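Lettered A, B, C and D in written order, each chain numbered from 1.
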Amino acid sequence: MEDIRYKEQLLCSRESKAEDTVIEAGGVKLGGGELAVIAGPCSVETEDQIVAIAEQVKAAGADMLRGGAFKPRTSPYDFQGLEASGLKLLLKAKKETGLPLVSEIMDASNLDLFEDIDVLQVGARNMQNYALLKQLGRTNKPILLKRGISATYQELLTAAEYVLSEGNPNVILCERGIRTFETYTRNTLDVAAVPVLKGLSHLPAVVDPSHGSGRSELVSSLSLAAVAAGADGLMIEVHNNPAAALSDGKQSITPEEFAELMKKIKKVKSAIK
Amino acid sequence: MEDIRYKEQLLCSRESKAEDTVIEAGGVKLGGGELAVIAGPCSVETEDQIVAIAEQVKAAGADMLRGGAFKPRTSPYDFQGLEASGLKLLLKAKKETGLPLVSEIMDASNLDLFEDIDVLQVGARNMQNYALLKQLGRTNKPILLKRGISATYQELLTAAEYVLSEGNPNVILCERGIRTFETYTRNTLDVAAVPVLKGLSHLPAVVDPSHGSGRSELVSSLSLAAVAAGADGLMIEVHNNPAAALSDGKQSITPEEFAELMKKIKKVKSAIK
Amino acid sequence: MEDIRYKEQLLCSRESKAEDTVIEAGGVKLGGGELAVIAGPCSVETEDQIVAIAEQVKAAGADMLRGGAFKPRTSPYDFQGLEASGLKLLLKAKKETGLPLVSEIMDASNLDLFEDIDVLQVGARNMQNYALLKQLGRTNKPILLKRGISATYQELLTAAEYVLSEGNPNVILCERGIRTFETYTRNTLDVAAVPVLKGLSHLPAVVDPSHGSGRSELVSSLSLAAVAAGADGLMIEVHNNPAAALSDGKQSITPEEFAELMKKIKKVKSAIK
Amino acid sequence: MEDIRYKEQLLCSRESKAEDTVIEAGGVKLGGGELAVIAGPCSVETEDQIVAIAEQVKAAGADMLRGGAFKPRTSPYDFQGLEASGLKLLLKAKKETGLPLVSEIMDASNLDLFEDIDVLQVGARNMQNYALLKQLGRTNKPILLKRGISATYQELLTAAEYVLSEGNPNVILCERGIRTFETYTRNTLDVAAVPVLKGLSHLPAVVDPSHGSGRSELVSSLSLAAVAAGADGLMIEVHNNPAAALSDGKQSITPEEFAELMKKIKKVKSAIK
């Protein structure tokens, strides 16, 4: 693990474990050569919304459902999510569709509420919230750890190490775009993160093209690029009414667009096998 | 507050309060035209170390003592600080010198331990740890909020707003360098942050030239630049044996260098009055 | 062309010309849905070297040969290229293989020397060398314009406009990685540039994964990602002895690796058609 | 010169020449502890404009007059400067006031036109236009070399070396802000560049707070910061009617503001002596 101190100690490094880690979450496998697609809205808004989207993304071939209940927002006056009741709506969607769930946790004191959530997401803003990472390291939950907006590969991996070193080996790394000088896109998707992280670490690496660009019209191209680069999964924001979404509507694609995209994703995945 | 949404709502904005906020911490005033100098080691290491440094920086004219007890470190295998016992050593140094204390808090569950710490620091990595900010907003402690490594002015101010909107008006903004392409320095000190933040907000703005450069030989020039730009305070890492420091030795100046610097600081402060 | 002033005036914009521009260079077409692969060494070094590489990349399916004769190097004491004699060696390789040529021009006073070079490259450092761009705009040569290391999409397009506005419509845009905080890779390849530039402009957009990463082990993944994202072409550094290359050996792949990559490129290109 | 290859060879390095280089231009000295202030409009517009501004900045204490005749503009459809006739207007202003002149050259084929211009400026966009730098290296004119928007210290110094290695020792380095993620300011002024460049090199280092911020209301604070950090000079945009300026009006201060600023500059300069 060139340039990275303590490589011989890092549990996440390829040096310490050569074979890919495969993480099972609600029956879905992440890592090891297969591609898992996580789809759903930025925020859970209503029962109708989340159940309808869950059914649509499942029909299109999604493997897991995402939806935010606790939302980290830049301003305290923005919509902060439905919180505990949002998690309950996610569980209804799971019951209806069987899709395992991914949702963000911001505060370890809420861990009880996430008991039936299959994958706990740590957002980019909390990538170096070590108090949170240590507490998640004491659970056995799969953790989807998003790269901070200006985190180096080394910092992402040592953040993952905070979870692993506490005893939880189930970390999924997520490239979601980094902050650069370019403002046309919300972030700059660093697609090289996929081969770099998979070279340095045995952990699965997934890509979020929605935050990675902030523009729905780019999500398809970036999803295919991520698959071609070898990503173990994608996390895509899908909303059945993007214009009315309570958050991130501009980067959400519709269920119809998602269904079209899934067909292309499968072709590209086949092409690189 | 150009470019910043909700400006009419933001409690931190000049639009909502024209006069400078002056925050009193342990008898020292921050904001309103005076200059407060906070000095001390990156980490509290031993009683001898912290008491000796406290005495030396006090003799040179420092107003407050800094020292880390809970340390956020990139790797979980780096020194994590003396934690609760480090805070006790800080209190001894305060007892000996009368200097009020600044120390970083990473986890709100530790709030009890910080009861006698005068200013609670939130580090750059936790600038958008909204769970922590909200809990600090329910105290009446002065909070020194460091700018995230890639946080815009808007994001720093809306992070401060998380504290203010919960009822605590005592936030001190801290520019400590941002992450850029330049690697010769650890960070790039954005000295324009001082006039920008003081223009947009009534909160005090201080500068940390130690993290802002990562190089002790630059600390003097950057301190004087910050004072000339109108900073309300400086936070400077001082160590009596930088080469043996348990963290950040490369950016720490010696007590002797600090004493020299204080003389120049006073001259520049006089020149711009 | 959102966010970009003068859009109604820009000759390079989709608003001014809806259909893709197809540029013909030495019989090879760039733009319009096909994929052109340009391959060859960073620098022309010897006749044996350039002819051998040309034969090998042609056998593997490359469409054009690249090779630098005038080299912009950060230090004046680095190898500056074989200059005029390097161009002559390129012409020999063209005679042997029939591959059209791409080579960098740094100074318009050298234009005569480039008479038989099929595509003139403007490097990232000269993207805003407007004196050079204007003079190239008065030729009818295809110009491959590399994005500056910190150029926005808008700046790349208005730089292209300097060529177009002088009368030369033959500009090929090239994403070659941007400068960010990440130092593990030489640059951060911005794969979103492909759909963004093709959305805003009718000009062809190609990708250079070699400068885009600076690491040969990433070139394959990034090439496939660029193709999946819809690139009109790739420019790949290939050297038959990377360890002994006079420049950029670290990011060059071998002819054997290139041949393997070409097979995958064709599969991914088929998958997205 | 840590991290910089060829340090033992670099003519610009402190290792090769310990004492400060002092460059004389039209009777004004740059380097060696004194502070030179260059002031004037972004673009020369009319005889009345440039002569009036020259008289005003001279009265306020400026040492040299700046004014652009050849203007590098992002779009080819923006005002490109008065070119040769602009240089003639500058010479009239020099005749009236005695102030030496600084103006930007973009194309070495124009060198004849600059015969009576005292300092030739190379803009940020051309910092790595090595063809231009080499030709300027064959003159004995003082060259003010602006740092590229994303140039490292090393790259700025090796660009200067292109001039020095051709025989011209008269290079003035200019920090003018770098491109970062922050968009509130046009660029982020890197004030640490002053002590860093003066540590690594014996060449004079000046600061341009106008491009360094893009906002006239910040120019005063940033000028004082640069002086406090040890700059050998300042280059400040002054316009007698900023709102009507043909370029960069937003970052220009008025002659009255400049006169006020000069008083403060002198006080800070005295304070750090």
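Quick note on the criterion: contacts are C-beta pairs under 8 Å (C-beta built on N, C-alpha and C of every residue); 3 or more make two chains touch, one makes a residue touch a chain.
Note that the structure is a prediction, hence the values are computed from the model and not measured.
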What chain groups remain joined by touching if subunit B is not counted? one piece
What are the mutual neighbours of subunit A and subunit C in this structure? B, D
Rigid-body rotation angle, subunit D and subunit B, from Cα fit (steps of 5°): 180
Interface sides of subunit A and subunit B: same vs different residues, half threshold: same
Averaged over CA atoms, how far is the centre of subunit C from the centre of subunit D? Could you give it in whole Å? 34
How many Å are there between the centre of subunit A and the centre of subunit D, using C-alpha atoms for each centre? 47
Among the residues of subunit C, which are close enough to touch at least two other chains? 150, 154, 179-181, 183
Going by the touch rule set out above, what shape does the chain contact graph take here: line, ring, star, complete or other? complete
If we count contacts the way the header does, which residues on subunit D are in touch with subunit B in the complex? 2-3, 150, 152-154, 178, 180-185, 188-192, 194-196, 199, 212-213, 217-218, 221-222, 224-230, 264, 267-268, 270-272
Mind pulling up the subunit A residues that touch subunit B in the complex? 5-6, 9, 72-77, 106-107, 109, 125-126, 128-132, 134, 149-150, 154-155, 158, 161-162, 165, 179
For the subunit C and subunit B complex, residues of the former touching the latter: 150, 179-181, 183
